[in-house]
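Taking it in order: structure first as structure tokens, then the write-up.
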Amino acid sequence: MSLQFITCGESHGKYLAVIVEGMPSGLEIDLKTINHELWRRQQGYGRGARQKIEKDEVEILGGVVHGKTTGAPIGFLLTNKDFKIDKMPELFRPRPGHADLAGSLKYDQGIRPVLERASARETTMRVALGGLAKLFLKEFDVEVVSHIVRIGPVAVPEELLTIAEIKKRVAESGMNCAFPKTEKEMIKIIDQAIEKRDSLGGQFEVRASGLPIGLGSYVHWRRKLDGRIAQGLMSVQSFKAVEFGLGTKLGEIFGSEAQDEIFYSKEKGYYRKTDRAGGVEGGMTNGAELSVRVTMKPISTLRRPLASVNMKTKKSEQAEYERSDICVVPAGSVIGEAVVAYELADVFLEKFGGDSMGEVCRNYEGYLEQVRKS
Amino acid sequence: MSLQFITCGESHGKYLAVIVEGMPSGLEIDLKTINHELWRRQQGYGRGARQKIEKDEVEILGGVVHGKTTGAPIGFLLTNKDFKIDKMPELFRPRPGHADLAGSLKYDQGIRPVLERASARETTMRVALGGLAKLFLKEFDVEVVSHIVRIGPVAVPEELLTIAEIKKRVAESGMNCAFPKTEKEMIKIIDQAIEKRDSLGGQFEVRASGLPIGLGSYVHWRRKLDGRIAQGLMSVQSFKAVEFGLGTKLGEIFGSEAQDEIFYSKEKGYYRKTDRAGGVEGGMTNGAELSVRVTMKPISTLRRPLASVNMKTKKSEQAEYERSDICVVPAGSVIGEAVVAYELADVFLEKFGGDSMGEVCRNYEGYLEQVRKS
Amino acid sequence: MSLQFITCGESHGKYLAVIVEGMPSGLEIDLKTINHELWRRQQGYGRGARQKIEKDEVEILGGVVHGKTTGAPIGFLLTNKDFKIDKMPELFRPRPGHADLAGSLKYDQGIRPVLERASARETTMRVALGGLAKLFLKEFDVEVVSHIVRIGPVAVPEELLTIAEIKKRVAESGMNCAFPKTEKEMIKIIDQAIEKRDSLGGQFEVRASGLPIGLGSYVHWRRKLDGRIAQGLMSVQSFKAVEFGLGTKLGEIFGSEAQDEIFYSKEKGYYRKTDRAGGVEGGMTNGAELSVRVTMKPISTLRRPLASVNMKTKKSEQAEYERSDICVVPAGSVIGEAVVAYELADVFLEKFGGDSMGEVCRNYEGYLEQVRKS
Amino acid sequence: MSLQFITCGESHGKYLAVIVEGMPSGLEIDLKTINHELWRRQQGYGRGARQKIEKDEVEILGGVVHGKTTGAPIGFLLTNKDFKIDKMPELFRPRPGHADLAGSLKYDQGIRPVLERASARETTMRVALGGLAKLFLKEFDVEVVSHIVRIGPVAVPEELLTIAEIKKRVAESGMNCAFPKTEKEMIKIIDQAIEKRDSLGGQFEVRASGLPIGLGSYVHWRRKLDGRIAQGLMSVQSFKAVEFGLGTKLGEIFGSEAQDEIFYSKEKGYYRKTDRAGGVEGGMTNGAELSVRVTMKPISTLRRPLASVNMKTKKSEQAEYERSDICVVPAGSVIGEAVVAYELADVFLEKFGGDSMGEVCRNYEGYLEQVRKS
């Protein structure tokens, strides 16, 4: 927990902002890269109107001087063009699947302020953070990528791709999908959902390469890398399942098929030929690629409204409908990438310490050398 | 994060201990109840020798006077009968699936001290904590139960049980399984694994009832209940996937089948007829039962050793073998219960504040009344 | 630790911002009140040019809808008129008493980015936070006031004032001083310092009334109210000593003169006739007024520069001079008030829990009733 | 905040314990050294009976294998010989100056469990932690010493001693006092207090040498070293004032007399000829000695009891008397040393990262080299 952040802002508020504390000095901040991540979050077939209206771009609140971080807290500010929160109507019929009902009762207020904060629009800030984390990780040749593996009933083939292949293929996809044929079917099923005034969820995978052995730890529950990534991911709107490596399949097979045997060569050091564990053993990176799968539930706001209750009259009525997307798994995968990148940057800083990029790098190199020698 | 804890101790060390800070005063501590949870953790077909040798029992380190908590940090102490850590042999061939390799490189030490701390024996302390949390939750009629739903290829039928049914059925099971027929098949497959010198994982479900609407929150990522439970669970040895409600299935279906519609009656207040979300919407309890599924990988230590590398010679050799279990999913489900109970106690205290049980209860009742009126 | 905040921004950056997490919903936010606190921070004889150029005013980043808090993180944004950070000259001769030298070496960067973040301009955000905390505390009739008790060699008479008297008197003072005669002498000594191209520090006192018995706790070191206030205060620029109650004098006297004897009446409940402890016993409020004294060192930037070293040449040279104030004790007292108010709001929320102001108040009233009865 | 700890236990409970998390592996743990610190805490003229009855010694709960830390949480366990908590009488007349009254009301319980936890006996665990921290700091040639500078009206002469001198002189003192003549007067005044059935406080100074420039930080309030040390110290029983460097005197003098000018030589690098700041500028070590002064109030328990109220009858009665010391400033100075050592170890680990002592040292050396070159 070397890094900490707080986001702020509402979906239709004037601003969205985030401040993150703990980044070293001397990291070059290219806002274009960060804004490109925000652009990626807005893509994907099945998005509603807002993603077309607004092009999300952040400016810097602080922590960057002459294009470089200074060690001070870094802030990003996004000004909403679609700013009208105090003019938005109050709502009374909570939407199933959303924070509406519980949030309204808990905070003893209307549904509007709940919906505005609980909205997935807040994830713009997590993606901005992820962009920052990626800039940091790039200095250590760590890459974090994602691709979608399922939209509703349509799943990609069970084919293991390298990170390079994923990168190349998703670059040509409008859906962050590495399998063009499946992508077409995905679009079809989304069209069906649109027609049925319904929505769809799915699944994506995040992978990270270039990680040294020994990030995270087994010594204390809060230091376990898989636990931290799981919290980060499960705290994103609509994320309902998190699996490392073979995930739920690991419950079905024998131990002899479930482990990653250990090998050694002078060039690679210790290495694995398989990655069933998803790159995490004992709460630590094991030198293999990190691999985690997330299941997203379908968007909760349906054009075909579900049963709800009018909170004023207590009578059964249809749930409210607010402008919404139909399927956001591609966006979800970008958010998932961001969350994983952030958590990796955090364990990096925890292990290597250091206040300037030069110092972090020196400490990192020293450790690699130590591992090579041991 | 009203509660915090640190555990301490090694598998073959003299002691295991935990200190937890943040519990209110005035809670009656029945050590028998807590030790009963420890006993439950030691059960289940497929355990190795140690569980039969040691009967785990804790004593109180502090925080309890005249049988009641005082508001001070509470500690539990377990004295290992099998105490011999400084005489245990050093190991050189890291076991795949364990912390051995990464832990040894990270901490620049032998495998022995890694294995001793990374061992699942540490979960005794988390189960003790869970026992304490259950005593706390009982005051609010919150129940946390679990049952196993899969051992390797053998899964229980897809039948929705009430918590009362689960409790009744698992009380008669030696495997924490609610389906006696399936249990027999599970034992058979475990026998197969023993014969093949192999191991097995599986899946269990934790359910909690009696939770008020609005524990946890959507406002800040660290306050989300599902994120916190996911971190807690994924930080346990061998836990590799966490799913809320329908979990991975939510990625396969349409939105209209994935939500829990909202109803109201004078007697029940707001309620649901389904529980696809697992009782969590927007990072908060929604009044339905909490339901979370965990997948455990098979025990990593196999009697039929896997390929490894001798860390001294860098030559390929078979991995070390330490006395081990064959299948620990029933134990895992007890640990899962404990983790969920702890996290629920934590969000309870966060929402209701209070320094004495009387005060927590008064605040809780006030909120229930507020919800009833709104 | 129910509240957490991160500030962001540089002295001559475009923005200063703060996000605070953990405030309940339903608190009315009057920006004028908060901006009035910022105005107070800019007052006092002995300020430099900047305080006259800029009138600090914040706008809301989020967390407030229709003028009320929503339970979501609250942010404040201040836009610097004097925005020119990337055009400011680099500096090479670190100023004694500032972060310049250590910050530059630690973060491996020039002095400019250090000075920009280490500047006391960051305290605008802490004062904004304090304004928010005061709005919260007002709902419980808690008042936090301050007054200066020393500027350099000039100290106020040793006369114990009530909080009402302090409030009334400082309202008529341009120096936040409750003794008009002494104030005149203070202005004289400041004039001397201006003439000598020197600077002055001093001392102020913060007092708070209306606090219930039992905020903070003795059970765990991080819960102690005096420790938390001490950290908050000592983390402000130039604050070098913190004393509770009689402070350093308590080291000089006998125990029989150092305690506050306990009395009881039906009307007041338990009460004290003295307040030597400063209202804190065992890390908790004891029902008496909170009283803490802070010593500020003189402004480190002198017009009569001190000896320093040119970091490029390593030759002895005079320290840099940046536009500066001469004496900021009145401003310091406003910051001290803000810090104390924030810490009090934090322990309030920790004790009483609650997500809405209604709930916090209900819980608070319940506790007062409990104390009355016990 | 790389380290975290929780203590547990009551004054007359069976155990006192502490678990600390975050220490690297490979540090040799000499229990004798740690127990010697505990012995030092029990010394000093003016102690009551208990310090003579019990010789405090801890054993290790975990985190140490073959005499070395392993990176796992480290625990210490002290078994009280004087164990009788459940047989101690309940008390009804709260002692002024103690947690008795507020603690009893807050936690809605009797005075006994409050007194048992609030007792300064808990500081044994903080001293054990400090002993551990000193072992860590020793690897970097950091020394932390203390000496008492005042007992009631008797103060040591204003003479600046080097750390070497302090160490040598206090080694020969039974009072941790560096001035033998003053020590005699101190003993006299304590004798007076005994005779008057009264108690005495005083003041001590903690000094630390060998600290690299740049521990702690100005970038975020919680990272400031002076704030952290102030919280640590002010959270100790009876500590009422904390001053860095010249402390309260800094409020009385002109800026030109209050700073530490900066010099440079090839051999020493940047250095100071004075230490008015107490070694901390901008919340960071500045390369000079750390110097902090603490004022302790007189022991609150007097043999000549103060006015109190019987909590059952609400009638005025004399406060309870529990066996007590007369003056504990020498013990306090040992505790203060421990607190400072702990906080220094914490900022060390925060800056340098690293999981093994070898790694921390390598990172530390790399930084020293960087500073030398810049």
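By written order: A, B, C and D. Residues from 1 in each chain.
Note that in this section a residue touches a chain if its C-beta (ideal position, glycine included) is under 8 Å from a C-beta of that chain, and two chains touch if they have at least 3 such contacts.
The shown structure was predicted, so the numbers you read here are calculated from the model rather than taken from an experiment.
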Longest centre-to-centre distance from chain D, chain (CA-based): A
For chain A placed onto chain D, the superposition rotation in degrees, Cα atoms, nearest 5: 180
Separation of mean Cα positions, chain D and chain A [Å, integer]: 44
Where chain A and chain B are represented by their mean Cα positions, the distance between them in whole Å: 26
Mean-CA-position distance for chain C and chain A (Å): 38
Junction residues of chain C, two or more chains touched: 6-7, 21, 71-73, 106, 108, 114, 117, 214, 217, 219-220, 351, 355, 358-359, 370
Touch-based graph of the chains, sorted into line, ring, star, complete or other: complete
Chain B contact footprint on chain D (complex, rising order): 4-10, 13-21, 24-26, 61-63, 65-66, 68, 70-75, 77, 85-86, 106-109, 112-114, 116-117, 355-356, 358-359
Contact footprint of chain A on chain D as seen in their complex: 1, 21-22, 71-73, 214, 217, 219-220, 349-355, 358-359, 362-363, 366-367, 370
In the complex with chain C, residue positions of chain D that touch it: 6-7, 94, 96-106, 108, 114, 117-118, 126, 150, 152-153, 193, 196, 198-203, 213-214, 217-222, 224, 226-235, 237, 240-248, 250-256, 258-264, 270, 277-278, 281-287, 295-300, 302, 304, 306-309, 311, 314, 316, 319, 351, 370-371, 374
